[in-house]
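Shared chain: chain A. Partners: chain B in the first complex, chain C in the second.
Coming up: the complex of A and B.
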């Protein structure tokens, strides 16, 4: 039982963590919580299945096209749901605009792809039982993504420009950084990360239009737990959420496990409203 | 010739007098087509059954019209795409009744829409025949115009329980459903009925259909000693995960339950074809083939006619097509026997039917019973044996 909890908990947790990082990546350059994050992950599974199984492309080509497709959806999010409401961030109109776009993505996926879960191909073909690739693949994908992001943010000029925008938008613009282009690029990057989450978790979650709403919720929990904009917090929060959820599944059953997850979520937020790893925001006076 | 005032007065009086005589009005009515409104979710999430039903509707309309119609009157199917949306179904119903002025309605084809449209049709007294499973849709006192030609939920439940207790002869049962309204209601009703029949329900659960790993529930069911797992869900993803988990656990328990377990999509979702064995889904005698691969003679005759008419069978279920044909034929027969398209006559005729031989089943209606499908014609099918929309009978049937 413990092996099962660890295997499925780590896998689900890694997917939640990646969705959390998707939220953070979009948030860092725009200060917008875009509720399309879960839909990007859903599209990772749907595009992956479509390119590889329906269209018969090789796995690698399907993977790259999936990332491209998700990146394009990310950019569309910036243009359609984020840019028009940036001037009035304090009114939180982005909640409405990004939720509306998320719903549109979900409906189009349901109509074009179908409302039944579709199979996702085996990607590597290694492992069985609790070591099946459907369990370890999301964990590996999560680890590679984190290493890649750390490299991008700390070792490359573009990454540092992202960090600068995230740190102080106005100062970065004053220094001549192309804030708008960087924001678009960060949404494309978020699309890619969401695509990785969906593609690597495709064998576990299947290619299913309804995964978007589920991942929107469960991907948001690690962001709130770990602190907004804090990727390390999102990773730890995501993995902890996955393990806790699976343990609750085994101990108290499906419906009550969701109750347990959200009870814990509320308790943590009551104790640490800024998230476990987030710093309280200083207010200029 | 000059026309005098007297001529005009005489002529007018004559015309007025003639108008008071009752002219035979049939000239128009007898040649007017019989208009059947079809509330069909042709697109959207729940379109698969409709597409099958619609093939039957078109086949029946073409066949009846080719044979000269009903007493010389052609049948016209007026189809409205409701997209599975109750609001659109309500609008379409009102339009069919008040503008298209249909004589009878077939559908809607899912319960969500039917819950919204049934009272509207009852107010308009439009004869309505549908295949929706929710119990409350049929109530001859409240909805004397509404007739069901497919099994209700409780009939499915009876058939599943009968198979588990009397054919598989198991006593310890696990009942699992999804967390939708349907799943929760169906599990509750099934557990109550099993207990009433003396079975030991050792495990019951409602699982979120998107839960990625089914091991926890399957393990609990196994540890509780379940000899069969009864499934009430329309989620093929959840079902496939349960079948795969059963294989991973090396457990040879049978699954019995909802027809969706025989959905063709499961072929791609199970990890190995063997994982889909020992799965028995609700089916129907008329659409099941025996150990020799033979369908009942009447069904085989229908399949031959459908194939001849180039009706595609391999991506749908035969009972959907047969149900569509039966619905149109029941309406046509109602008009033929009552001698008109008046609602009252059609409803009165349907209320007299006893074992009316349709393709899908033999229907019986009375003024107080509008559930027309006989429970004894519901059987379990081997879920993985689809062939032209038909299935092999599950083990235990002769």
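Coming up: the complex of A and C.
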């Protein structure tokens, strides 16, 4: 049983972590927590299944098209739900605008794709039992994404520009960084990461429209645990959440695992409001 | 006729009632339409009418959370679900002996209230998004539990809803019952909204820092309304279950949450009529547009986006004719400090506010570095110095927004605990802010009344039911606020929305709000900034009058003339240290002060 807990826990954890990173990627350049994060991961599964199974494209082509589709949705998020409300960030209108967009995405998916979970193709065909690809694929995808992001943020000019904007938006603009273009780019990047989460987790979660709302919450918990905008925190939080949830699932049964996750969420928020790795708040007066 | 004996009190009450009438009329109209609906239509409309009434029972509570407190509770369908299952399970008796439905409803309300608070816990300390998420998370798990806990909830098959006894077991009988519930809930939520609790909620939403300075405890406020909103949501759930006659987890889709939520947003923040109209419209809309039923969530979402982007004020803003009348453009603030004596009791504390060795750093910057300061009652103490010398930081340490890293603060004999800004008001310390922090969407009068929130004696329950003590509080706060507006010279603007006022007027509102506490110490943070020279003169007279009532005033200011004109003592700060302290005459000739700050 330990092996099953570890396998499914790591797999689910990796998906939650990736959704958490999706939240953070959007947050870093805009200070907006967007409800579309979970929907992007849902679309990763739905697009993947649609391109490869329904349309019969090769896996690689389907994968790339999925990422493209998710990136486009990410950019749409920026244009429709984020840019218009950035002026009044303190009123939290972004909560409503991104929620509205997320609901539209979910509803279109439900109507056009169907409300039943649909199968996702086998991608590689290696491994069985606890080493089945549906367990290790998300973990590998998560690891590759982290390495890619580290490379982007530390070694490339664009990545450093992202960091500059995340660190101090005003100063970055004063330096002449194209803040708006970089923000759009970060939303596209977030779309890609969400797409990777959904595609790699497709065999585990299937192509199901309701995954969006679920991943919105389960992907936010690691962000809350790790602190807003903290990718390292989100990864650790996500893996920990996955293991915790699957352990609860195997030990006390399905319903109580979601209760356990919710309780954990509330308790952590009350005990460490800034997250376990977060920084203190800015001055208020 | 006994009209001859009419006392001034009852006359003022009739006047108050007449002033309320325009506000009351729409509700009466809606109620009248609701009452005659059965005589003009069929059972199909009974269903829709009942549904609208039940939704409103939930929304009237949720409105206090979303519309007044500004917390985005997006998953309230979970509490509806909880109430529906609790009532149904209790009445069906599949865990314990069956309970009559009128006993099951209060139990469900209790359960709903408890969970309302649990879900709301993150809102007590964290940003909006966390609360939105916790309600969303709760909504997902409640449905999962309802599906999985088959022995109690019947799982996917469902459970029979409670049945109400005669005369409520017919379509129209039940309709009238639900209308009665809805009317009662409207009355209660209106009572809260128009009490000091309702104002405090808006204050916490729009001017949290100022709310703390007036002694409003955000957690306590929020817990009270989470209890109330949770209870109403659960009662609505019980009624909903009975209307459905049979409930499954499918009956509680997330769409419902969105409907509740959007009804409030369409209606407008801080309004009751608006959300009520919103609820009615959104309940009827899918019936009228039946072919679009599959796309209803999509339409709600589009609606939500349009409201957020195009009309954030909602219906309430459209209906707010009063605040579209132009204000006189040549108005002047003419305070009448002489009248202060009749309103604010003389401060007799005789205590001194003392700071000893206060130190505070932000990172490596020493904002205050070993500061000693004594503010004596009845004196005006000026605090001046160049930018960044630690003046405002000192005020923030005294009012508890920052906890000093070293040093002590005493008020008379008592230690003043570091931090804890919400406890300052009860110790007689009031303040204003460098940038005025007023509630733009509330009237000037309401803004001033906020200042006296902790003076109120009625509890939340008394406010909920409009019991006499609450009415007394309201009359007392209202009269005092009007009188203080007279003192600062703004009484003609009492009913105007505060965000329509000029900057200088906001400064005087803040002073009136601070005076509501009848403070022993008043901390003024650059009250003259942005004022004309005439206004500064009037401000000086006002501050002098305040200190003559026995209050100690600590005045942070850049206008050297004002400082030297009215202060009894002046402390000059530089780089967080005292550069000089003494009477204005001494400071004016102090060599270092002149070279560092005043200029030659």
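To be clear about the criterion, the second predicted complex is superposed on the first by the 282 of 285 C-alpha atoms of A that agree within 3 Å, B and C clash if a C-alpha of one lies under 4 Å from a C-alpha of the other, contacts with A are read in each partner's own complex, and residues count from 1 in each chain.
Please note the rule applied: a residue touches a chain if its C-beta (ideal position, glycine included) is under 8 Å from a C-beta of that chain, and two chains touch if they have at least 3 such contacts.
Note that the structure is a prediction, hence the values are computed from the model and not measured.
Under the clash rule set out above, the superposition-derived model of chain A with chain B and chain C contains a clash between the two partners.
Of the two partner chains placed by superposition, only chain B is touched by A:118; chain C is not.
Of the two partner chains placed by the overlay, only chain C lies in contact with A:265; chain B stays clear of it. Judged by the touch definition given at the top, the superposed model places A:92 against chain C, while chain B stays out of reach. More residues of chain A lie in touch with C than with the remaining chain of the pair chain B and chain C.
When both complexes are overlaid on chain A, the residue A:156 reaches neither chain B nor chain C. When the two complexes are overlaid on their common chain A, residue A:255 makes contact with chain B and with chain C alike. Residue contacts after overlaying the shared chain place A:208 against chain B, while chain C stays out of touching range. Remark: of the candidate stretches 134-142, 152-160, 170-178 or 188-196 in chain C, the one overlapping chain B after superposition on chain A is 152-160. In the three-chain superposition model, chain A touches both chain B and chain C at residues 111, 214, 254-255, 258. Considering their complex, residues 1, 4, 8, 11-12, 53, 110-111, 115-119, 129, 204-206, 208, 210-211, 214, 246, 249-250, 253-255, 258 of chain A touch chain B. On the chain A side of its complex with chain C, the touching residues are 33, 80-81, 84-85, 91-93, 95-97, 99-101, 103-104, 106-108, 111, 213-214, 216-217, 220-221, 224, 254-255, 258-259, 261-262, 265-266, 269-270, 273, 283-285.
Those residues of chain C lying in contact with chain A across their complex are 70, 72, 74, 118, 121-122, 125-130, 132-134, 136-138, 140-141, 144-145, 148-149, 208-209, 254, 258, 265, 294-295, 297-298, 300-302, 304-305, 307-309, 312, 362, 392, 396, 401-402, 433. Those residues of chain B whose C-beta lies close enough to touch chain A in the complex are 43-46, 179, 205-208, 210-213, 215-217, 219-220, 235-237, 240, 248, 263, 265, 268-269.
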